[in-house]
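Here the chain labels run A, B, C and D in written order, and each chain numbers its own residues starting at 1.
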Amino acid sequence: MEADFIKMETGYVPVEAKITKITQPTEYEKVFTLDFPHKEHLKFLPCQFVMVSIFGFGEAPISICSSPDDEEFQLCVRKVGSLTNKMHSLKVGDFIGIRGPYGNGFPVEVLEGKDLLFTAGGLGLAPLRSLIRYVLQNREKFGDFTLLYGARSPHDRLFADEISEWETSEFVDFHETVDIGEENWMGNVGLITSLFPMIGIDPEKTIGVIVGPPIMYQFVVREMLKKEITDKNIFMSLERRMRCGLGKCGHCQMNGVYVCQEGPVFNYVDVQAIQEAI
Amino acid sequence: MKIYFLPKDKVKLLVESVLDEFQVFGAKAKEMKFEFGKIDTAAELRLDYNTTILPPVKTFFPNDEKILEFKPNGQTTSVHENSKKVLFGVHPCDIHAIEMMDNIFSTPPEDKHYLERRKDSIIIGINCNTPCSDKILCYDKGTYKADSGFDLMFWDNGESYLVEVVTSLGNFLASKFSYFFNFFTEYSGDFHEFKSEYHKRQDFVFEKKLTRKISELPEAMRQSYESELWHEVGAKCLSCGSCNIVCPTCYCFDVKDVVDIDLAGGHRCRNWDSCQNLDFACVGSGENFREKSSQRNRHRVFKKEVYLPQNKGYSGCVGCGRCNTACIAGISLIDIYNNVFSEEV
Amino acid sequence: MKPKLAMFSFTSCEGCQLQILNLEDELLSILNAVEIVNFREAIDEKAQDYDIAFVEGSITTPEEIEEVKDIRSKAKLVVAIGACACLGGVNAMKNFFPLDFVRNEVYKEKASCFPTLPVQRVGDVIKVDYEMHGCPITKKEFLHVTKSLLLGIPLKQIHYSICTECKTAGNVCLFDKGETCIGAITRGGCDAICPTFGDGCEGCRGFVDEPNFEGMIQVLADRGLTKPEIKNKFTYFNGLDVIETINDKIEEFVK
Amino acid sequence: MKKLDINVHHLTRVEGHGNVVVNYEKGKVENFQLQIVESPRFFEVMLQGRHITEAPHITGRICGICSVGHTTASLKAAEKALGITPSEQTQEMRKVLLNAEFIQSHVLHACFLVLPDFLNVGSVIPLAETHPEEVKRALRLKKLGNDICEVLVGRHIHPVSMTVNGFTRIPSESEFEKVRKMLLDSEDDILKMVALFKTLKMPDFVNDTENIGLTSDGEEFCLYDGKITSSYGKIIEDENDYLELIKERVVEHSSAKHVKGEGETYAVGALSRLNLSAEKLHPKAKVLVEEFGLELPNYNPFNNNVAQVIETVHCFYDSIERIENLLEKGIKQENYKDYEVKAGRGAGACEVPRGILFHDYEIDEKGIIVKANCIIPTGQNLANIEKNMRKLVPEIIDKPKEEITHSLEMLVRAYDPCISCSAHFLDVEFV
């Protein structure tokens, strides 16, 4: 699958995208469904991102959280600053600008025929959802599928509807935990690493994928290595500050690597060579 | 390639006629230093300058550059500037820098804003008879001479200049102003011999500053990643960003929106940024990936001497010495490099 | 309805308010977008609540404490403007002297009649939503802040230094001319107007986040500045910020 | 017999915080106070321990509106203490800058703070609706004053490059050209402003007083330099001796100090300057004295507004001439640093929009300030304003209270008091 750039006059001009649906899974996150000209021609890979822009409020990189095979094109946005706060005040029918997709996206062909172990922390579930949905939509191409998800607290859980589907689905072995429990919470409490003892995998056949907050990577990698998954079978998506998405502005650089060009998805073998990565 | 012969007293006339046809940028006096900027009169242009505070390449990558315009009707358009410019009197190190920036901005996805400004511009180089300061590294780096990256090159020949014409743009200019060049017919001597004589004189006055060969630098540098050196540099550094702003090969930028007073329209522009700023690598979640000054300093030097050589095959420093002069805390690449060399075993 | 904008002034030279009046080209457009209430220096109109209150000046008397609290209770947003309000500014030089000395020096036998407190920033007394630095504020920043507040664009402090702006302006550095300057650790935003006009930055916009005081002191000491001279540089506008730390650091770093 | 209590809290459209309190009973003003409630800032203490070269920038911060004036007086005092005579070019440039400040300050006062009273609108905001052209024109003129300072010294409020013995940056010839052009382009606006003020009628009121200001034996209408002169006859040649004329005293009804000259109270400012040396105004301004029907010497304080308009015209034409002279001589890149620091004392006097201003420093051999003093125009006018009010109230006592209050406010405003200035130094009354 090849990523296809939205045809544009120049690198920085966004196309207008109309918000057609908004859902709000948590207090701080909203999911926006977008429509824009030639959307049907937009090809992208899971874990690629677009630069979202609203005049006056700036631009920010946001991962596409829908699957390439979905009809709908969706972004899940956490409110942290200028652009993202403004996004949260928008209504259905409003327009935003997007350009992209950018980044390398997930090399889905390397997953084919393999067992999968996905680990998502917090907002990391948003980009990973694209891949999860893709896997579920093309389930026959993959082996066993284990999905681990950790949220800060029960009401910080994203995509709760889908989670309930995954919980009961025979196609995915889903486990989740929250850092801090609550009265009505019946599930696991503890860091995401506490889910690892619950799962059994075949390290020979398994590919591990990690997306989450910066602090999480070290610990989850350690668990995966403990499960004897080899370096080269671990992938992760990393976040950096980005101003252009075109490999120029320098903000997303980790050592010599531009995350917006060579990432955000990296193989753990490569990551180990990048001191500033995790 | 054609070589002309231009008496020095004709230079002013030449500049005047170029000024009639083109926007000319060059060095002009600014207090006891020189700035590179737009030239309005031939008398302003100085060819005998040492170095300019800001480098010539920033003509193509200006600060606060408008990149998009937002119209009140919601329409967004890209803004480009392409007027034909003549950069008159660019030193070899800065020519190397322009070549490097050309490469950076034309690497896909290419940057039209830079390329449009750069397109059609004519670069007139001028060789350096003497080093411009004791803070430069151009001799070690070999950037005190340039073989490409210019359309015309002026070689000092005492009472006159030899003018080397290498590109079709250069030819275009030379033939357009052939009146001046034709004052004297083509140079009849052996240009190769002239060149090697010239460089020999340079060998005499230019000084090697590094204890080892520049080609050994990337590897030595890589070895220094965990060195105590960076903490020492970090403790001195004021994170003021001067080194980045004056550097001809620093191209990091920030993007910001400016709203018009009517609150309806406005524009998006990009500003020079500095990787020494505290928040340069700070992300939305609050994480700062280079929170220590030592890390930021290391990143600046590594980007130039490790990452670019590794990714692009060239060094990101042309040895112009501007950063060394600009740093009020006295941090100098010469010291850093020599320290790195002496540390490595 | 147009948002109501109010201006208040405490201990200061009122230069920041004047700077707003100096927006001759934009003033009428601003008046189209907002309703200006309470701008004692320019108009009679007064209101009892405001969307944005701009507060100028340091807090130096008990009455001012009460007044500024009252403003806070009536305003949706409070923006402190100028070095006096954000840093203490030149007023803070007073805090280097014992209060009794200051009062006696000025009022002599009448000293007891005039309550004066150590100088405080507005933010020391009330919650401030944004601080607009400078002595005086720049017209550009006032416009930027006002436009942003009207459109709901979040405001962020500038992170880069005066040097960044000074170099961008293409200036000859004052250190090259044998002068000194503390622009390296001062927050940008004024387009380095002082160095551009040949005068060292005096730090009126406050320090950048995590300023390297030791490094700056060292640089100044290397240029031959004495301890009191260095102290004067740091306490021109930033007396309140450095009052505790700077003396020790100067002792430590200037031999 | 009428009893009247007036209490104006926080007088508007003046610079700084002031209250007017009047209690009038049995045909007599029982209590009158122009209260200065501005918080004091103790500059004379703050200056102690600072280097003399820092003084101009620090004291410039006494007041945003006459910041060029404070800087100038401070520079003159500093140079006197150091025994420096700045170059002619420096002095000429300073004169242009003072002129620019006069233009900006007088226009602000006359057109934005005072005009609304005469056109019967509350303030400049309604004025912008009723008289948009006048307001736009006044904005342009105010901007002219600011822009001149911006080009030459960075900004009007707290000018950057004015320094002891010169300028830290000397503008280029083309920048002077630009200033000249800005001035020439504004002539029409100036003339229209004058025409507008000719249509206004100032209230009738006369109150004889002493005037103090700078004068010279020569041709110059003195703003930057001159002899300290009282209309009662005394002339001080050396600025350092200013205290021989300007004396502090204790008054009965107020426990704070007032300033007195030869008489009990005196006035400074635009009208005083015209009373002292109108004949030296620029010819284009001088003719206006007659055109406005201003009989000099004039003791109607409301005419200070008219005097400001005339001075604006003077400053405008005077600036053009000075700049043309500077350009003719060629701009020299002078080095301000060639002087030596030594111990001494120096006082500097210059005229600022509101009247004569004194700065006075004593420095040690390292140039560190050991003592500082400063006498501000508004401080000097306070006693005179009070005197005017004592006379005015009985004259208008039969009018409604609002009108009396309004008249009193207008009277105070006519002096263009700069209260934040006046609260910054010793010699001011704090009620």
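What we mean here is this: a contact is a pair of C-beta atoms (placed from the backbone, for glycine too) under 8 Å apart; a residue touches a chain by one contact, two chains touch by 3 or more.
Since the model is a prediction, treat every value here as computed from it, not as a measurement.
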Central chain (distance from its CA mean to the mean of all protein CA atoms): C
Chain pair with the greatest number of C-beta contact pairs: C-D
Taking each chain's C-alpha mean as its centre, the one farthest from chain A: D
Intercentroid distance (Cα basis), chain D paired with chain A, Å: 66
Rounded Å distance, chain B centre to chain C centre (Cα mean): 37
Interchain centroid distance [CA atoms averaged], chain B/chain D, Å: 51
Distance from chain D to chain C - Cα centre to Cα centre, in angstrom: 25
Numbers and ranges of chain C residues touching at least 2 other chains: 148, 151, 153
Chain D residues counted as touching two or more neighbouring chains: none
Contacts with two or more other chains, residues of chain B listed in rising order: 259, 273
Touch relationships between chains, expressed as pairs: A-B, A-C, B-C, C-D
Residues of chain B that touch chain A when the two form their complex: 67-68, 70, 74, 76-78, 80, 104-105, 107, 109-113, 225, 251-257, 259, 266, 268, 270, 273, 275, 280-285, 287, 289-290, 295, 299, 302-303, 306-308, 310-311
Footprint of chain C on chain A - complex, ascending: 56-57, 81-82, 85-86, 89
Interfacial residue positions of chain D with respect to chain C in the complex: 10, 12-17, 38-42, 44-46, 48-51, 54, 57-58, 61-65, 67, 108, 112-113, 122-125, 128, 135-136, 139-140, 142-143, 146, 153-158, 160-161, 163, 167-169, 255-256, 420, 426, 430
Residues of chain C defined as touching chain B within the complex: 26, 29-30, 33, 143-144, 147-148, 150-151, 153, 159-164, 166-168, 170-173, 175-177, 181, 183-185, 208-210, 212, 214-216, 218-219, 222
List of chain B residues in touch with chain C within their complex: 30-33, 35, 37, 53-54, 63, 235-242, 245-246, 258-259, 261-263, 272-274, 277-279, 293, 325-326, 328-330
